[in-house]
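I am attaching a structure below and will ask some questions about it afterwards.
By letter and in written order, the chains are A, B, C, D, E and F; residue numbering begins at 1 in each of them.
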């Protein structure tokens, strides 16, 4: 069986070009140096890593802008789902090495005080990537080419992961002499289904392929190339954007709560949640649409 | 590799007919309107959803009867394992739409008071499906045809999931305008191995196939048709029913505790559990049977 | 796709013989009756179950020696990773039956007092297997032939699991009349991705194949035979041993913490951890090595 | 300082007689053998243990009726708060000894099977007392005379505990040869502030006084005699019954969730809860009442 | 016994005036509308609620400024401890009523969408008060006069609570028709020792006295008047400020982690923490100071 | 009210001398350098800190011997409860300063490697003190004179704490430049009832009195002098030793589990526990003794 066979055959150049053309429409709130934000379809936002000349390496500005971007998207009524991809030859090369050397060279003799400064940096980076998880809208990461180190930390904080055949992955941190501290060790084993392989990849820092990533459960779809990757990502995004935002965002919030809590507590949480949300008009709109076979129009959220 | 190849070739019409013939033998305690309960083999109970004319949609009576049925089965010494399946063309169509409209039309103006009424309904439905999980006996769900919405919530509370090739699944709640609140968001990601696909299925509410379900880890076996599904289910059930009930039920109770707790605490729990249970006669019976190569006969539990 | 295709073609007799030749080099601290400990490569330790005449069944000495061995390895600066395998025809036959009969025949009439004695035995065995998990160094288990009962408990406490084609597995405890109490019920579902299959295997105690184990996520690699299994195990072990021990051991400690805790707490833990560990020289050594393209030499840890 | 000085001087015979007089008014749904249920004031229910001839010892009927009673009260719109007290010379003598001897004499040879039967009994009793905690309405226990063994388990599941000077307490289970299994070991240390004293009382099973109970934080008020105890209890109950039921019941539900969860998760829970409940009319009614200085009238809940 | 007797007799007008005089020295980063920030002593910051004409009621600006202020203080090397008090006749009157009416009157018909807007407001307020808890420096709240509703939520997020004899408290939320959602229900029971009294205070919304607050464990000191309150607060703050900031801030971070986690996990966390922090120069400085009997001078942190 | 008034007037010189006389009777397994172990009464063990010339400061031998001692006591059938006290002028001066300087001067340049060495030391000390908690028998600490730093960590791991009037306490770690890492920050707030005072004591490292300790809930009894302290401790110990060891030890195990777990999970744990333990003969013996009014004789455990 092949998961990719579900990709409906509407991926074509026109569609892909459309994505690229529309990419200038995001408003000025989403103007960043390391990111390019566009709106390829109604309610669908596209965040592109925009330092191809540096292989989209993650520097301090990047972390700061990711946080700003996703905190805005969290409550932006024009956004119902987000695509993430990298411009240029790959997704991201992970932590910018220059950045790392800054950490090492903090001008501070005392181990304790240097420790507090490192704590601050680590927390800032953690907060940055966690803003993707805390964004109420489903986030789909589309990986082509290299996805290294911090890139794994980042996609592990997304909801859905697709990649193209040319993608390759590496949990690189061990090769840089450190334990991954911005999400991989925390999230990677919980979103996949083979702890043995996860640990091998982390301890050896070796490259791994899309096929391994699929087998492992890290990605759920492999496409032939980057064009079809973007097209398939957009297709899923548009489908999600057509659904009740009350239902979709409530699902994400509850999935996140459930992951970290016991089933009994998660059931209590969703009961509290739905005691209000089931009173939304979206239920009636959905019911009526299902009878009339028309596409429901949901109010902004 | 194909998981289905382990199905031994004893699935035949005779066997399947046998199941159906025996289905009248459950006693009057298990007399329900929406369920049909039978005993196809010693210690094996079979619970069938019995509203084929409504595609086995889940209405208030259904939830109430599921609870009554599984609370009885929990301590019924004649039952060691339970099969669940749907009569007619499929497993279940999920929540009865009529039912949903009742929720929406609660005669209560105040949002807060309506919230409490919804809370009660949600809790009742949650309690109903959780009674399957809390039943000490392993429960095997056998899915053919449609398994939609509440059906996913239900099978996620079972121990083992098989399906036939004609099965199709859909986490439908988003299409109805709500976040799933009776188990899917809480249990589905914890019993499977690809969070990316789980979330895609939940956010898009799209149909998915037995092959995807197997890949994902939602089911562990696909059979050719409904007959072989029932036959294979019965085979596994009989095998389980032949084992020490002390061992099997203790395993389920501990698996459930472990899922929601830290390994250290789960080890403490099973130590407490076995400080008494290792004193059961079933250990000696099992040991002697293993020497004599005879099938052990275990007392009722 | 086949995970085995990643095994690079350097498995040959020379290599395998090398492993066996070097196996006499572990120092006298690691002298045991039921285990044989050797050092096949710098920083790589190999622990072999050494009761082939008893199919490596686990008796009280075995549990005691496993604990001693792994508590020593935990802080042994000459060890960076550990291989586990069984001598003779298979990995292990699980609990020694003689042992079990001892439990049953404790000379104590009172159920409560006997319960406390059983508690002590269970805790001792749990502590034994948990010492593998608590050892800071990645532990790779290499399964050939039979891996039964307590063997599953043991490999579930390891980091990485490989097996050869001739391996077969069985969660045997139910057949012995008890709920598994030294790790399987607690760890097995958390390291794999198909709860339905896990529970079927536990409730039925049936044998399962390497292919099922791979599908399930229990192992991450199948090799053709025992020689290639050892060779592949050694290859991975040497790769891990060549990395910064600060990074590798920090990763294991954090992976273990993360498995049992919420993501938010695990992020706090790794931040605390790295506030000190990022000040290690291993970061600079790794960075410089990456520039010079030379293999870094890390100090002992 | 004396906590009792807050008791306003409106405790008089008339008031107390009023309570007793009105006690016949609860409807037939609340007709029990071991309990007497009355409605001493609008929205205030009074549950009295009604086996004074047996010192209100807790027998199987008692546990079953407590469960039925509080599951009804949970959603009864005529009830906003509940008082619990004992008829006759004291609160309760704890588990009925006859009952205990039944447990010991279960007609079952096998330790494992007897274990499952005991499990069922323990769970039933736990469920019974937990129904008080799960009742949405604040429950105030009023202890006079003896409060022994199971009585401590029971009051620990209540919200508020008052006692009269003649009260005396004993965590009696150790004297009966067992570890308390229906709430005391689980709840007592969490609702008080001196773990050292709690453990002394549990390990020694000695009697303790109202003063120790107050010091410890087990009770929050001591009255001079049983009459003033009932009067003070009623006064607090009436005050609670005059408040918004949305606010009061929401507070109890959130206090219970918070006790068992991390602050971060509890904050998430109350945010979900109030996203609906803040839309209740009770906020406006309360605000208007606070301006007009009139007592607000809240709709039933 | 009286806790207040430990107040050393150095509270005099001079000292108190000194506090007030120095209050203009905080730099421009700490310039707010609803808060006044001063530095009464080296390393000691004083945050005063500065809307006495509105009884220091908490409005949206207040919540926003509290967050900004404490996020700055978190890493400000000139700050080692923080005092909080209210200007004018009392501490704070809690939520500004105008504010509440805004919540109620959100211009949004749909219950679900209004729910999301309320969610955002609640989260913002929660984040504001939690910033006090997350500030690494101990925060001492000094309550005089009224401390109502949101005021209880706020002081519950502080480390230390003192009050003067004229203080009075009220968990007011139930009187406003809602369950407290910014900290009280979550933190109050965990920092005190009499759950019965806590719940009575929450369900009745009645006023309570400093003596009750002390008995309950909410405050740890009562002073005669506001002057001695400020003096005593400053004395404790100066004492804390004279200690190693590595030690003090590490203690707060670990106390917070421990409160929400199991002892076993908290021990692991502090071990990770101190593996770096014990290498700080502050240990040697402290040791040397203890020998030389001189006051150690610690570097900024 | 005064908790001390419950001390029955049987404390006299004879009784106290008896304790001292009998103190030579512990067998050779309990022969230590820093501890003196005696058996003042049947089933009661007395562990005395035995380095009065060093004010009972805690050095590496002490930690190692505490661990050995309490791991033996855990399953020693002759021991049912343990008293801890200090020889000489006080309880303990806490960590031996020499010891601390060793930590600081570890001969290791690399921060990371030094971190791992510190980790090992911290874990060893934590394991040492946790062995008191993990000992199944109630441990009563009797504090006279100074109880400083590590002494607080140690008594926080005990079950019951008494002190004499001359006792004084100090959470000294902040004065030594570090966050307490062997139990105080983890256990102290959970066994007491005034978080504000706990934090003040930790941040300021100031001395505190028996009265404050009692108010706070750290101790539960103050005696006039050391003789009455030992006498009262022995009296409680003898009372505990006279009870069913099944009941007492089961209570401690369950109290410890409950402290770290949710009530729902703790109820499940105790149900599992008692499914075996209620079948002990101790229940019948207790019941019969209660009828015959004779002191029951329980078998060893």
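In the analysis below, a contact is a pair of C-beta atoms (placed from the backbone, for glycine too) under 8 Å apart; a residue touches a chain by one contact, two chains touch by 3 or more.
Note that this is a predicted model, so its numbers are computed, not measured.
Participant: Is the number of contacting C-beta pairs greater for C-F or for A-B?
Facilitator: Output for the comparison: A-B.
Participant: Quick check on the interfaces: B-F is repeated by which of A-C, C-E or E-F, going by over half of contact pairs matching?
Facilitator: C-E
Participant: Return the distance between the CA-based centres of chain B and chain C, expressed in whole Å.
Facilitator: Whole-Å distance between the two chain centres: 33.
Participant: List the centre-to-centre spacing of chain C and chain D in whole Å, with centres computed as mean CA coordinates.
Facilitator: Here chain C and chain D have centroids separated by 50 Å.
Participant: Measuring from the mean C-alpha position of chain A to the mean C-alpha position of chain E, what distance in angstrom results?
Facilitator: About 37 Å separates the centre of chain A from that of chain E.
Participant: List the centre-to-centre spacing of chain A and chain D in whole Å, with centres computed as mean CA coordinates.
Facilitator: 48
Participant: On chain C, where are the residues touching two or more other chains?
Facilitator: 111, 115-116, 190, 192-194, 217, 246, 253, 259-262, 264, 272-273, 275-277, 279-280, 282
Participant: Would you tell me which residues of chain E are touching chain A in their complex?
Facilitator: Where chain E meets chain A, its residues are 75, 109-113, 115-116, 120, 246, 249, 276-277, 279-282, 299, 301.
Participant: Going by the contact rule set out above, which residues of chain B touch chain A in the complex?
Facilitator: 97, 100-101, 103-104, 111, 114-116, 118-119, 122-123, 126, 130, 173-183, 185-187, 189-190, 192-197, 199-200, 202-206, 211-212, 214-215, 217, 259-261
Participant: Would you mind writing out the residues of chain D in touch with chain A in their complex?
Facilitator: Within the complex, chain D contacts chain A at residues 253, 257, 260-261, 265, 268-269, 272-273, 275-277, 279.
Participant: Any idea which chain C residues touch chain A in the complex?
Facilitator: Residues 1, 3, 6, 81, 138, 159-162, 190-194, 217-220, 236, 239-240, 243-244, 246-248, 250-255, 258-259, 262-264, 266-267, 270-280, 282-287, 290 of chain C touch chain A in their complex.
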